[in-house]
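Same chain, two partners: subunit A is paired with subunit B first, then with subunit C.
Take a look at the complex of A and B:
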């Protein structure tokens, strides 16, 4: 039993998001909020106070018509591995509320452990972490629609995307009932992946050659956000447009994503 | 106690030499008051407060596990079963009980109460769950029973042989069952004989650390947080 759990079973869940396919419809954001009991406020226009685990950003190339072009970039938590699991947020958390799991490659956030110092928010280069300024208030009757597999958060703690870890837990439960020890690729998919009508998001185990993400991340046009920081994120993006790939990091005029490699 | 008395005597003797009597006896009274106060606080802290902290509730029906275990065919899993998707059914619903208890079967007053107040009216029994964990905890019965091949008794003890349900003690502040925090004061401090004496995070982690060689967590070198949290 002990040796079975070893290296070869180590998973690294991640995503490859095709930015050429994303239409910016925002289905992933809605699905994520509904799936993960993400609280919302009456006025969601103040983005310093609103919470969006999955957030679609709009990028423009800044050129006048007819060269003008836009790109939508969905941004979940990047689940950075850093160097040996020392992702930016995990390194600074004084409460051990956030942690990197070498077995799944998921950066966990335990809300009851968090005391709200927000160091992790300052450390995160992707603005993927959000602070609960208020206790969640659900419109009357809506509390009945909350997902029982995801704990709701209280005022004063930080929250972020968990790669729908509860779906992984459920998938494993089902596998155990069927007498299996491993789950299939399709058994565990995040809510945003399934909600995307364009199929822009692909989710799976980056370590497993039989999973779609394994090949997709090796495409020549695949890149990660702010790659040179060394945060080693597990969310890959793909775009055939060079200006989009350039927008993924702060490149100087005379350098580009192709030169960095 | 005699030691401290000697000390107070020594102190009062010293003061006799330098000042007059009333000052000396007042110091003795202070020391005496200190020990009385200490004893009173200890008695309150260890004796009275734990009783005040927990409200004691009786289960709606005094269920007899032993009696039922003799009648059903599939042991504990006859009523406490796992669903096909791996979810645990927990305490049985009325629909299951109705199979046998459409009408009163025996002559137990508890059964008559159950049939009258719940079956006939179609109301679910509001069982108090001793093992109810906080919302942030993920526990999988399927992982323990199916994958790790553990039996019910390992964690729950011989509940199946009990004839009465024990009193449910609820923490007035946290709202959680006392079985989570420790059945006795000694259990609360982490000294326990049985698995079911306390069910806090350290108790889960203690066993998990023994069973597994690979620890995923970078911060704690234990198992990953999301193994038992959600």
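Take a look at the complex of A and C:
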């Protein structure tokens, strides 16, 4: 009975990001920081110390002027499923501070369990995890804008994109109050998806055929990052440009995305 | 008792076993782990009731609708307002970070009076009564001495009610020197005035970009903040679905160029020549739309001048001077590429050519504006679907006439200090030189509202010198910006989220929209709406000025200004003209000929290169560039937005210049080298960033960095480009047309 119920309710939240539409403006990064109480310091120009759950990378085709081309690639936590939930980070965490939720497909991060060994950061192939080297300090008065739905992290712990899980919880509560058993697609959207002015990010349940992501991920030009590692991420990208798709993995000159199944 | 080895060991083992069996070690470990996880200094945001308030973002001329999430009385998040005609729920990074401005630590909390030297940062808090009477007293004194015209006001706001009130105050006071901040909008309006015959005050350019299918952008940063940014992002996404093509013409692979279907790099400053080269192909190959050109335009074949002689028209002028070969030499583009581009442009169903470099904050060259507008006329997209047209300004019910007053009448008859004929095209760029030379008269007082000229105006050094010469400077700024820091008195305005005001005419949009900015938050500090401050000032000045601004408060004034639109504004948050059908396809023009004028006896679109400052000792050309992630106007970049600025633009608090690897090699430079960047106007230490996507010989530096005021989260990051570049007056508009400056690099 229980497993039957699980089967029915198993969700796999993920994203499809259209790199042809993404303009690299960075609104997703700011929306994420504003929603999730990500701190900032006086000097954020050293990106090794900068915490950005969502980060927009700039890719270039490496060709000389004027054949140069640029593509922007937003990178949240990829919420890898691995093989049966064995995500690279989950497998190495000695504190069970990060876990793969089979019900939602979200890789969680429990700050109070984390003791800052940073194994998960070393294991993550996508540099999606960040360590709090400093205590978060907001300039006097600015702590007023902090979101009560997201806990503020402290020095010494690792943090990363949560797929705005607090919004999922809020959507579930709302559905429960309204006597529904299921949440609507539009009720649970991440802050970055909602903010993207170009509409490049689509978010939803990858298992649900009625959700937009279900079809979008099956487009011929859809790919995932470093697919051959087997991390089985849930963030899909779409690009019509071949060099961008090639940049998604470490291909040899004579192989390409098309050649691997 | 003698402790032998045996008893020592047994005692030791016994003690260890006893401790292990007791709860002590576990209790201690538990205590230690609790202690290490005690973070009393980490803030815990208070829970409360969540509400959402709709308003409008006025941080840029885009005027997007916003929804502010509040938890009790705290603002927690700003999101895009669903259903707002401009942004349809979208939002940009500046709008998202708005709460960092509301809660910024460098906000000015009470009226301040300078003590000690100007710019030293020593202030005394004063009451509002004292502040108003100090300013009114000083202005009264000037007025009594016949110096009313030597007072100037600068506003950075668009044509909203507060700006109109500010102008009204100056006019009633007796000063002609009301300054708006010039931008590409000024050049567009002038071009529309010259070619469409539209009146200067009543119009703004309208762009029906959603319906265009071939966008020829002459360096417009369509995805870098041009027009209304969120609207442009949405339009760009729509273009992918309609398969519209975007051609970006600029020497640097900007964000816009990267997303365009084609990036065409041309010699910077030669845009007008390329536009006319394309016109040449359209004319010589008969690709232009004859129906429009023959029936609705004049000045194409010939122009009759004042003495009745027939002069060369636009056609002959272009055919003689702008053959693809000539234009190829000017732009560095292959003649075949020019011909191909022109053919594609002509064959598109709804082509449009756009003017206004980067974010369009600079007015630019009139040659360029006119040539590009002429290109649109050649393909007949003036007042057409998918084209460009003159939007009538929304009809504000008239305020009562300003009561006549002899001092005011003689004051406003004085020439403007910048030499402009009216404030519609005020030449802010000429203010510093006029102040420094004291001609036509010295400036005795300056009031600055929602503007930060000390940061945003080119040639910062001379702007600073000019400021030092003005005896009385009043700032209405909410923040301790560069201009406020150099003022004598600061009468702080509310931050936009605390203000009730109108936001008319989003830039780069197709329809007139007025949005209402609501006071989402009660004022956090003892600040005052600048509209109220102006009304109180008028009261303090008394006589006819008080009569001209006789409203009880700004809310009453706004209500009267909005008239019957107020109900809709309060209900939905925005107002659009229900009777307006745009584009209207109207082919009547208010020019002397009644037709669209390609040329007249007064002008003909041409190409006179805008002079670039610097001699042969400067081997490189420095061009400014705009990025969406940096706000370069009077709003400083909030900390979140500076955080997302790439390490190829700002690294270890230093600006990076973009340089082509080939150029860098010839200069002996490599990535992240520390260099001294010198131009005829100034110098700065910067880092080198090698970038394939920039034309060799050209280097680029972004606008929006290098603040020296505000707080540590904003100041001390990189270089302000305006320190390195000076203004170059356009011969036609008198506005700043500089597009670059010569520069050299040397290892620091």
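Simple rule for what comes next: the second predicted complex is superposed on the first by the 255 of 261 C-alpha atoms of A that agree within 3 Å, B and C clash if a C-alpha of one lies under 4 Å from a C-alpha of the other, contacts with A are read in each partner's own complex, and residues count from 1 in each chain.
Here is the rule we use: a contact is a pair of C-beta atoms (placed from the backbone, for glycine too) under 8 Å apart; a residue touches a chain by one contact, two chains touch by 3 or more.
Not measured: the values here are computed from a predicted model.
Enquirer: Is A:197 touching the first partner subunit B, the second partner subunit C, both, or neither of them?
Expert: second
Enquirer: Once the structures are superposed on A, label A:112 by its partner contacts, choosing first (subunit B), second (subunit C), both or neither.
Expert: After superposition on chain A, A:112 lies in contact with both partners, subunit B and subunit C.
Enquirer: Check the residue A:152 against both partner chains and state whether it touches subunit B (first), subunit C (second), both, or neither.
Expert: After superposing on A, A:152 lies in contact with both subunit B and subunit C.
Enquirer: Please tell me which partner, subunit B or subunit C, touches more residues of subunit A.
Expert: C
Enquirer: Determine, under the contact definition given at the top, whether A:46 touches first (subunit B), second (subunit C), both, or neither.
Expert: second
Enquirer: With the two structures laid over each other on chain A, which partner does A:173 touch: subunit B (first), subunit C (second), both, or neither?
Expert: Only subunit B; A:173 stays clear of subunit C.
Enquirer: What part of subunit A is shared between its subunit B contacts and its subunit C contacts?
Expert: Touching subunit B in the first complex and subunit C in the second, residues 112, 151-152 of subunit A appear in both lists.
Enquirer: In their complex, what parts of subunit A are in touch with subunit C?
Expert: Spelled out, the residues of subunit A in touch with subunit C are 20-21, 23-27, 29-31, 33-35, 37, 40, 42-47, 50, 52, 56, 58, 60, 62-66, 68-72, 112, 115, 135-136, 138-148, 151-155, 194-200.
Enquirer: What residues on subunit A touch subunit B, complex-wise?
Expert: Residue list for subunit A touching subunit B: 1-3, 5-6, 10, 84-86, 90, 93, 96, 99-104, 106, 108, 110-112, 149-152, 162, 165-166, 168-170, 172-177, 179, 181.
Enquirer: For a test of understanding, state which residues of subunit C touch subunit A in their complex under the given definition.
Expert: The contact residues of subunit C facing subunit A are 36-37, 39, 41-48, 71, 74-80, 87, 90-93, 96-97, 99-100, 102-105, 223, 229-230, 233-234, 236-237, 240, 253, 255, 258-259, 263, 265, 628-629, 639-648, 650-654, 660-662, 692-696, 711-713, 717.
Enquirer: Considering only the defined contacts, which subunit B positions touch subunit A in the complex?
Expert: 82, 84-87, 134-136, 138, 140, 142-143, 146-147, 211-220, 224-227, 229-230
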